[in-house]
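Take a look at this one; I'll ask things after.
We just call them A, B, C and D in the order they show up, numbering each chain from 1.
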């Protein structure tokens, strides 16, 4: 594939396509925050305000997953400022990553359905699936990154120090979510707490301009 | 991140990604305008025409929210004609803005469900949430704008007068929605009226070619 | 807005954003072709094959609307090969057009729900709304086109003959859908037939390579 | 259309638009993997774990269809590294291909609803529709490819050997899915098995970097 395309353009369409998938996966998350309908309020003798307050698990799950996918997108973008060429395997590795990203609404909806309201065992399953899925995404990200940096011809010239810096940072993502997963075996709340802390920490660092 | 990418390209992917989110958020709004089904007509002894006329709150909410997001997109586009570089914080500020944009379908659906048909208190909650969310979006927009214009190296050269003009205009958006929010405490109809006037005014000004 | 952006790039983001909206509107159409569930088959004593055959109105509406939006996208693309600059009004005219495009799933779902199965009066309402909406889109398209070609500075140089050719063609779109609308007053089947003929004719001309 | 646009840019918007459709079609697939709700668990006396395990047909269908569309996107991308110009017919052929791609969620949902749980005859219908649709997509792909390579002026110069290589490969796709379709007449499981083997084989080849 490398021979035909212009050097500088090669990952453009891969990035645009990935942007589309990230953007849609993030936007679909809101579909699981369901507006309380009048009939349901009447049936359950609740006020609208009560029902809205009762949406907190859905809102928390929405916020967490949006932030997780956003952080991924920022990192995906960052990776492709140093990766300038794509071989065939990178297309499929990226596709695998995108599949995992489009899957995010499922563990999100599961967490939103069972966090706080399910039995301990149900909540635990939801928390383990959520943190486990995030861990797998992190590992796939690391795989894609390792694939790219081991093939010097895929990288833009003069990016060695940037690559080293990024490699050092990317080590922590999967490990952090693995901790959240392990916590989930004993306490689903602790697992959600770790996931939440991670996105809040990433978000604040981001807003403060630290990479 | 600045070192690696080409100068002129730096915000391209951020813009494309944002475009995707804006486009999807706008397009998903139609999913809440539900076609009256034959079974429902039979059960409620209404004609199709009655049922379609009864969709006006959903249609009004759809129209308002589409217009709100469109105005935001036009302004987002305009901001990134003067902002040519993005630092790490801008990526996250933009992400925060996009999260608020993807959230728009929720207050829209709430307004559509309780405008006219809910109790006063239910309608008030819906109107306050709608105008309050629009106010928060406006403030986040202002934050992003202030962040960018205070960092001269993020701006395209020779854009000082354009920046001043835009800064003068962007002052009014959050203020106008705050007024709509305050009106909503006493009269949800007045709140919806102000929101509607705002988008109609923006739309007409836009169609007349005035910035 | 014109001063800041590079000449050749000015409509790029407007096109990309519009592409997103067109693409999503087309893709959402499939959500209204609902898979017959096992419970429904049991309740209605129908086989899966019967139920699939019974989906023909949904499939026909899906096909028609997909083709309508595709033809629009091809023309939108074509317009922006001659329109190279966008003034403020063009952004809003394009926004109005996109709003009408995102609305397409609604008349499509209505037609799919009442074509063949509703009463004559219900089917007529659905057919009139469908053809009426297509007419309004055609008129908005014509408005956008007239706006652009009356402002020479928005056009790429040396496109006069292309503009004339396109103007001659674009005259027929709204008129044809208006005929479909008028037919609908007396016969909804005739109205659907005209709409179907239009997209089939456009599609075949397109596949044969005639503009 | 060729006269106005710049040579290198001509298929850019067609590709971007197609990317959007591919991305959305892939992302919507997750909407059919429904989270088991607490009410349903109570009604069917199942644990959450049982219900999640029972989702395997939906998950398998999701995985297969995501992979099918991903492989198509990679090939679409690859085709447009050698095809550099688009005539009118190519726009419509590409549109036809995109229509078939946006339709993918329907056979996917059908397969997910009847695989394993339906009667033999229902499962067979679902499997035939799934493999049949994939065959038709493959044939449309071949049509588009043949159209492009028979018009030398649409191709980038110096791509003859690449075109020959790709032509040899593209012969097998529709044939393989036709085999899956024929198997489906006698055994729906065999049909699903062939489809699954195809995407797994493509995926592994891809990840191993073989084209």
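What we mean here is this: a contact is a pair of C-beta atoms (placed from the backbone, for glycine too) under 8 Å apart; a residue touches a chain by one contact, two chains touch by 3 or more.
All values derive from a computational prediction rather than experimental measurement.
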>> For the two copies subunit D and subunit C, is the contact made of the same residues on each side, with over half of the numbers shared, or of different residues?
In response: different
> Between subunit A and subunit B, two copies of one chain sequence, what rotation angle (nearest 5 degrees) aligns their Cα atoms?
Replying inline: 90
> Taking each chain's centre as the mean position of its Cα atoms, how many Å separate subunit A from subunit D?
Replying inline: 25
>> Could you pull out the residues of subunit D that touch at least 2 other chains?
In response: 16, 20, 24, 28, 31
>> Help me check something: in the complex, which residues belonging to subunit A touch subunit B?
In response: 15-16, 19-20, 22-24, 26-31, 33, 35, 37-38, 47-49, 52, 62-63, 66-67, 70, 73-74, 77-78, 80-82, 156, 159, 162, 203, 206-211
> In the complex formed with subunit A, which residues of subunit B make contact?
Replying inline: 1, 3-5, 13-14, 16-17, 20-21, 24-25, 28, 31, 87-89, 91-93, 95-96, 98-99, 102-103, 105-106, 109-110, 113-114, 117-118, 121-122, 125-126, 129
